[in-house]
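Worksheet: one structure, shown below.
As written, the chain order gives the labels A, B, C, D, E and F, with residue 1 at the start of each chain.
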Amino acid sequence: MDIMFIVGAVLFLILAPILGGLLTGCDRVLTARFQSRVGPPLLQPFYDVAKLWHKEKAFSNPVEIIFTTAYLVLIAFSGAMLATGGNLLFVFFSLALAHTFLILAAYSANAPYAHIGAERELLSVMILEPILILFAAGCFLVTGSFDTYHMLIQDVPGIIYLPGVFIVFIAVLTLKLRKSPFDISTSHHAHQELVKGVTSSLSGRSLAKVEIAHWYEMMIFLSMILLFFAGYPVLSAVAIILVFLLEIVIDNIFPRVTWKMTVKSLWIVTLVFGVGNIVVLGILGGIV
Amino acid sequence: MYPPELIAILILLLVPVSAAVLLAVFKPDLVRNVLAGITSVIIIGASVFLAWKALIAPVSLTLEHTEWIGMLLFIAEIGVALVILGLSIKYRKILPLLLSVIQLILILILEFFGIAGPHAMTTFTVTGLSAVMVLIIGIIGTLICVYALGYMKDYHDHQIGVPVRKRYFFALMFLFLSAMFGLVLFNNLMWILCAWEVTTLCSFLLIGYSRTPEAMKNAFRAVWMNLIGGICFTLAIFFLLRINTPVNLLSVTDLLAFPNVSALTIPLAFIAVAGLTKAAQMPFSTWLTGAMVAPTPVSALLHSSTMVKAGVYLLVLFAPLFSQTWVGIFLALIGAFTFLATSALAISQSNAKKVLAYSTIANLGLITACAGIGTAEAIMAAILLIIFHAVAKALLFLCVGAVEHKIGSRDIEDMDGLLVRLPLLATMMVIGISGMYLAPFGMLISKWAALEAFLTAPLGYVFIAILAFGSAFTIFFWTKWLGKLFMRMNRPPAEKIALHISEKLSVIVMGVLVIGCCLGFPAIITGVIIPYLNGIHPYFYLGNKGFFYFDTLVMLGLMAFILLFLVIGAFLGSREGRTIAPYLGGRAVDSEGRFLGSLGVYKEAKTSNYYLEEYFGEKVLLKPSWVISGVLIIVMLVLGFMGVMIWI
Amino acid sequence: MSSASKSPWLLHYNASSCNGCDIEILAALTPVYDVERFGIINTGNPAHADIFVVTGGVNEQNKAVLKNIYDQIPEPKVVVAVGICASSGGVFRECYNISGGVDTIIPVDVYVPGCSVRPEALIEGIVKALGVLEEKRAAMEAKK
Amino acid sequence: MKMFKTILKQFFHTPATTTFPNTPLENFEGTRGHLVFDPSKCTSCMMCMKRCPSQAITVQRAEKIWTLDRFRCVMCGNCVDVCKFDALLMEREYAKSATPTERGVETYEITYVKPERPKKETAE
Amino acid sequence: MNMKIDSVEAADVQKIAGTMRSGGYRLVVMTCTPADEGYYITYSFEKETDLRHYRIAVAEGTTIPSIGSSYGGAFVYENEIHDLYGFTFEGMSLDFGGTFIKTSVPYPFKKKEQPAPTVTVVKEAKE
Amino acid sequence: MTGRQTIIPFGPQHPVLPEPIHLDLVVEDERVVSAIPSIGYVHRGLESLVDRREYQDFVFLAERICGICSFTHSSTFCQGIEGLMGIQIPQRAAYLRTMWGEYSRLHSHLLWLGLFADSLGFESLFYQAWKIRESILDEMEATTGGRVIQGVCKVGGVRRDVANSFLSGMDDRLDEIEDNMKDLTNVFLNDYTLKKRLVGKGVLSKDDAYYLGAAGPTARGSGLDMDIRSTGYLAYGDVGFKPVVEKGGDGYARCAVRCRELFQSVEIIRRVITDMPEGDVFTPVKGNPDGEYFSRSEQPRGEVIHYLKGNGTKNLAQFRVRTPTLTNIPPLVSILAGCELADVPQIVLTIDPCIGCMER
C-alpha cells in the first residue's frame, strides 16, 4: 500500500460527499425541469443536511444513533477501500455490513412503517447480492484477482468482457439510488404507503447521517462504472454522466412497482444478463 | 511406555465411554455434575494436547493386536444393528427394519466372507483436518454436554409429561463423543464404519428421548436415512475390497495415496452418498430438521460438532480424490444445490431451531460443494467453514435453548427486544448470528475462500451463480432475525429468571471462541490448513501466499477496529435526547403498546418479519428439491460406475 | 438566513377541514407554484418535519392525533394554521363536533386566512413561519 | 415509458412556475380576496352581521362600532350582497397571514351621518 | 323524482329489503329524521329510474332489525344512524360499536335528553 | 398464523391520504389479511347548523361540505330548496350551473388522476395532472371569483353571469386543455408499468358493485350504467348525455372511466357554451320552504343526495347529505381484502374517497 493509495482514500472521503451532494442537487433540479417546475437551488441537499444536523436530538430507540453512525462510517470505509483499488469482494461485504446497520436502525424502532421499510431494504440488499457477487466473479475471471486495482490497469476495458454484468448493474443502480420504479424501501417522496420506510423513525442528526451515507454510496456505485471503462477517462466520465441522466429519466417515466415485481424483474435481468455473461466468460475459460 | 500422543488418543477414545458407563449408573445430580465436569476437563485437555502435537507434525501411530480391537468393534457394530432392529420391531417401523436387516447381512458378509485381510496398517492418524475435528469435538462437544447439565434440569421442569431419564441421556451424550473421536482418529475404514454406526444409533436414541409420538417418528426418520448412508459406506468398502491391488485400500492414508483414482470412482460415489446422508444434504435433509424435537443440547451436538460434521469430515477427507472425478463435481453440485434450496427454505421459517437447522444444512452444503471440488482452495474453504460453523452454530443453539426456557418460546417473532430483556443471551446471539454471515466475521471469510475455489473449478460459473443467489437468501433470513433482537420493546419486559451456571459458562466460553476464531483466522490458515494441504498431496502445494494478502488483512483489521470502536461508542456514547413515540400514522400507543384501532378495539402495534411463504415455503420448495437432488445423486452414481475422470 | 429556513420540511395534516384548503396546499407543491423553490418538501412524516401545517377546525377525534403528531416533531418546529377553519373554526365554529381552531389544541405560530386559502397566501404564510422558525432555532441554540 | 415524450417536452419548455413572490400576484377581476369596509357608508343596519354565515362581523349600533375578524371571514361575499348601502366591498388581494400577536379583530368607528341627506335634497 | 313515501311497519324492513333485493333494486340511502313522535327512518331503493321510499316510524331507543343481510353496504347508514341518533340495529354486517363517527356529544341528533350544546332547538320536539 | 402478522395503523395521518381516515391493516408479508376502516376524523356536524342559518345563507355552508365538489354541493342544495318551493330557475342559470358542474368534474378528476399517480409513485405524472388542473382552476376563478370554493350558486339561480365574450374565448382554451389531457390520459391508459400495477387489482364485480352500493365511476368501472346525469336535470337533458362505462371492475377500469369522462366533460362544456341561452341568471325568491325533498345530482365521485325537510320557516328542519364516498366504503372494504400492501393506497384511491363530504 503506497502513499498514493492513502491519498486516494482521503480524497474520496472528502470529495465524495461534496460531489454526491452536488449530484443530488442536480438530480433535484433536473427532475423539477422534467416536471415543468423550477426546482430547488443546486445546493439544497447541503441546506437540508445542515438543517437536520441542528435539529433536536430525538429518537425512538437510542441505539439508532450508533447504528446510523456505523452505516455512515462503513459506507465511507467501503468507498475509501474502493478508491484505493482494494478488493472488490471486500468492498461489497463491507457495504452489506453497512446496510445491515441501516436495516437494524430501522428495525430497532419497532414501528410498523419503519419495520416494513427495513424488510424491504433487506429485500433490496438481497436483490443486490447476486449481481455484486457476479460482478466480483466477473472481475476475477477477467483479471485473476478481486482487486479493483487490477481491473483498472487492464488494457481492454472491462465492458468488453462484462457487457451483461454492466446491463444488470445499470438496472440495480435504479434500486440503489432509490429511484422509481424500484424505490421500494424508502419512498423518496413519502407520498406512498411507506412514509419514508427505513428512515421513517429517524430524525435530525441520524437522518443527516443516512443522507450523507447515501451520497457516499451514490459515488461508490457511480465510480464503479469506471471499472467497466478503465483506461479511458473521457469515456468513463461520459458513461457516468449518461448513466446518471438515464437514472433520472427512468425515475421520471416510471411509477413505482411492488417489491414482488422488483425482485422478479431485477432477478430475471440478473439471471439472463449477469449469469449469462459469467457463464459465457467461464466457458471461454476466463481471460487469465 | 506409550508415546504421549497415544495416551491422549486413548483418553479421548476411552474416557467418554467410561464416563458414559458411570453416568448411566449414578443417579444423583451432584455426582453427575462432578463426573461430567471432571470428564469434560480431561477431554478438553487431551484434545488440545493432541491437536497441538498434530499441528506440529502429523501423528500417525500403529498398534499391535488390532485384530481383537477390530473384533470388539465388529461386535459393537452388530449390537448397533440389533438394537435398531429390535426397536423397529417394537415400534413396527418397516423401512428401518428392512434397512437394518440389510445392513446386518452386509456386515456379516464383510466380516466372514470378505477379504478384509489384516494387512498391516497405521492405526491412528491425526492430520490437520482430524486435529481440527478433535478440537471441535473435544471443546464444543464437551461444552454442550456441560450446558446440558443445567439445561436438562429446566427441560424437565417445562416438559411435564416426559419421563426423566437423565442418566440415559448423559450416557448417550458422552458415548456419542467417543464415537466421534473414533471416527476422526481411526485410519481403518472398517473401524470408521463402526464409529459411524454408533453415531447413528446415539443420534437415533437421543432424538427419541422424549418418546412422544412425534419424537419417535422423527427418530425413525433419522435412523432410516442414516442407515442408507451406512449401507452405502459398507458397499463402498465392498467395492474397495474388490479392487485388485497390493495396497490396503481400507487404510485411509493408503487410499488417499492410491494413484489410480479412476478405479476408485464407484466406492467414491458410495462414500459420497454416505457423507450426504449424514451431512443431511438434500434429499436427506428432513432427518435433521426433524431432529429438533430433541432437547436443545442434542440439536446443538448434532448440528455443530458431531453427527453432521462426521458426514462432511468424510467428504473433506476424500476431497483430493473427488477433485479428479466427475463424481466430485456432481457431489459439489448436490452440495451447492442444497445450499441454495435450504437457504431459501430458512427464509420461510420462524421457529428459531428450524432456521438454525436449515442454515446448518446450507452450510454443510457449501462444505460439501467445496469437498466435491476438492482443489486446494476448496479444501481450505471447507475447513474454514467447518470451524466457523461449528463454533457459531453451537453458540446459537445454546442461546436459543436458554432463551426458550426464559421466554417460553423458540419462535423468532417472540424474540423482539431480546437485547433489553435478556442482555447476555441476546448479546451472545448477536455474536453468533454475526459470525454466521457478517463481515469481518468468520463465515464471510470462508465464503470468500469458497468463491475463489469455485471460480477456478470446472463448471465454476454454475457454482458462482448458485452461491450468489444462495448467499442472498442467507443475508435475508439472518438479518431479519438480528433485527428482531434490537427492537425497542412495546411490551413490559418479562420477569427475570437466573440462568443456570453451566449454561452461562458454556454460552460465554462459546461466545469467546467465536470471537477468537474470527480474530485468529489468519493463524488458523497458516498454522493449520496450509500445512495440512501441503502435506496430503504433493500436487496440492499452495505455497505460502494463500488467498489472502497483507492488505486484505489490514482491511479486515481496520473493519474490526471500526466495529470495536462502534461497540465502545454504544456503551459510552451519550443517550441524551428525547425519545419519541414510534410513528403510527398519528395514533398513539398506551403503556401496553396498544393503539386504538377500528371498531373501537385496542390492538397491539405489532410487527412481524417476512417469511415469503408463497415462494420459499416448505410446501413449495421441498418436493422439487428432492426431485432435483435425487436426480443429481443418480447421475453421480452413474458417473461413478462409468468412471469418468476430469482431464486437467 | 441559516440552514433552518432554507430547508423547511412540511407536514400537512387535515384536522377536519373541508378539503378546500388541503387541495390548495397540494396545489402549492405542483408546477405552477412549486414551493420546492424554497427548499420546501412535503414529508408526511412527523419525525422529519419542521413546519406543521394544519387545516380544519379540529374535531373530537383529531385532538389526540394532533397532539400526538405535534409531540413527534423534533424541535425547532412551527405550527401554521391554514385556512379560516384552522384559525377560528370558520363556518363550522358552532358545530357540535368542532373545537374551533387549531390553537385550542396546540400552540399556533402563524395563521393563514383564506377560505379556501390561496396558494400564494400559503407561500406568504410559510415565509412568515420561517422567521418564527429561525427565532426558535436561535433560542434553542442559546439554551445550549 | 409513455411518459418520456411528456417529460422531454417539459424539459425544453420554460417551467410553468410563477415568479411569485418576486413579482406580485395578478388576480382575475372578481376574485374574492378580502373584505373592505367603508365606515362612512354603513348605517349599522346589522344585516351583514345577521347573514354572515360564519359570524365574522359584529355591529354595535349604540357604540357605532363595526368589527370584522378576518380570521373568521370566509370571503363568501354574502355581506356585500346583503348590504344595501354599499358599505362593503370585496377586494381582489388575499388577506395576509398573522402571528398570534399580530392577529386581532379589526375595529372601525362608523362615521356615517344618518338623517341629514334626504332632508338636504328636499330642501334644495 | 319520486318523493312519495310509503309507510311500513318497523318489523317488516327486513322482508321489504329482501323483496327489493330479489327484485333487483339497489339501496340508495337510509335517512333518519325526527318526527312529531319519535323518528322516521326512510329507506330508499332504486332500480333504473324507479325510486321508492319506505318509511318506518320508530320510537326513541328502539332496536331495529338490520337489512345488512340483503344489502351488505347498509352498515354505513346503520352505524351512522346509531352514532347520531342512538338507535341500535341488530345484525349489522359490520358493527362499529359506536365508533363510526365519534362525536364530542353522544347522539347529537337525538331529541330531548341531551341535545348537543350547539343544537339549540329541534322544532318538532316543542309541540 | 397470527404470529406472523404485522398490524399497521394506516392513517389518520398518512401522506398518501390528504384526508384523515384510518385503516387497521393486518398484513402478512405485505398481503393484506384484513382492512377495517374507521372514520369520523372530518365529522364536523354541519347538518346541525340548519336551525341557525337561513336557508339562503346555508348555501355557503353546503358548499363547504367539501372543497372539491363544492360547486355541486351548493347547486344540489339550491336545487333541493328550489324543488321544495317549486321555483323554476332561468335557463341561462341552469346552463351556467351545468358548465361549472362539469368544470368542477374536470378539476376533480384531474386532481384525482394526479393523486392516483402519486399513490403509485409516479411523481412526474402527478405534477403533469395538476399542472393541467391549474388551467381549469383559472377558468373557474375567472368566472366565479373563487378557485375551489366558488360561492356562485344561490337559491333561485346563480350570483354572477359570465360575459358571452368570455364564453366564446373559452373554446380555444379548452382545445389546449384537451390536448394536454390527451397526453396525460395516454400515459394512464397505455403505460406498460402502470397497466401492470392496475389491471386486475382491486376487482369489484358488477353484482357486488350494485348491491354493495357503489356509486359514480366506481360503479361505472364495474360495468354499471349508473349516472344521475342521465335523468337530465339542469341542462344535461339538452346535451344528450350518455354515461361512460367500463367493464373491467379493476383499478384500471375505474381509472379509464375517469379519463374518458374528462373528454366527455369538455364536450358537454362546449355544447353548453354554444347553446347558452340569453336572459336572466336569477329569479327572485319569496317565502320559505316546506315539505320534504330528496335532491340528487351527479358529483365527480357519484351520486349525491341532499335530503331537505322544511317547516315553513327561514330555517330548514332537517338536512342530511348522503355522499358517494359513504356508499363507496362497503365496496372498498370488500376489494381491500387480500391485496398487497403496496396496492393499498391505489386501491383506496380508486374509489376516490372524499372524506370531507362523507362525514360532513
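FYI, contacts are C-beta pairs under 8 Å (C-beta built on N, C-alpha and C of every residue); 3 or more make two chains touch, one makes a residue touch a chain.
Quick caveat, the model's predicted, so the values are computed rather than measured.
Chemist: Using the contact definition stated above, find the chains touching both chain D and chain E.
Modeler: The shared contacts of chain D and chain E, listed by label, come to C, F.
Chemist: Starting from the Cα centroid of chain C, hunt down the chain whose centroid lies farthest away.
Modeler: B
Chemist: If I count C-beta pairs in contact for every pair of chains, which pair wins?
Modeler: A-B
Chemist: Rounded to a whole Å, what is the gap between the Cα centroids of chain A and chain B?
Modeler: So the centre of chain A lies 36 Å away from the centre of chain B.
Chemist: Distance from the CA centroid of chain E to that of chain F, rounded to the nearest Å?
Modeler: 25
Chemist: Taking each chain's centre as the mean position of its Cα atoms, how many Å separate chain D from chain F?
Modeler: Distance between chain centres: 29 Å.
Chemist: Return the distance between the CA-based centres of chain C and chain E, expressed in whole Å.
Modeler: For chain C versus chain E, the centre distance works out to 38 Å.
Chemist: Can you pull out the residues of chain C that are in contact with at least two other chains?
Modeler: 13, 30-32, 34, 37, 42-47, 59-61, 65, 69, 74, 90-91, 94-97, 115, 118, in rising order.
Chemist: For chain F, give me the residues that contact two or more of the other chains.
Modeler: 6-10, 12-16, 20, 30, 36, 38, 40, 43, 45, 48, 52, 60-61, 64, 122, 124-128, 131, 134, 146, 149, 191, 193, in rising order.
Chemist: Any chance you could list the residues of chain A touching two or more other chains?
Modeler: Residue numbers touching two or more other chains: 32, 34-38, 56-58, 60, 112-113, 115-116, 190-191, 195, 200-201, 203, 252-254.
Chemist: Could you pull out which chain A residues touch chain C in their complex?
Modeler: Its residues touching chain C are 28, 32, 35-41, 44, 47-48, 50-51, 53-58, 60, 190-191, 195-196, 199-204, 207.
Chemist: Looking at the complex, which residues from chain D come into contact with chain A?
Modeler: Interface residues on chain D, with respect to chain A: 1-4, 7, 10-11, 13, 15-17.
Chemist: Which of the residues in chain B end up touching chain C in this complex?
Modeler: Residues 578, 580-581, 583, 586-588.
Chemist: Going by the contact rule set out above, which residues of chain A touch chain F in the complex?
Modeler: My answer: residues 31, 34-37, 112-113, 115-116, 180-181, 183-184, 187, 189-193, 195, 251-261.
Chemist: Of all residues in chain C, which touch chain E in the complex?
Modeler: 59-61, 94-97, 99
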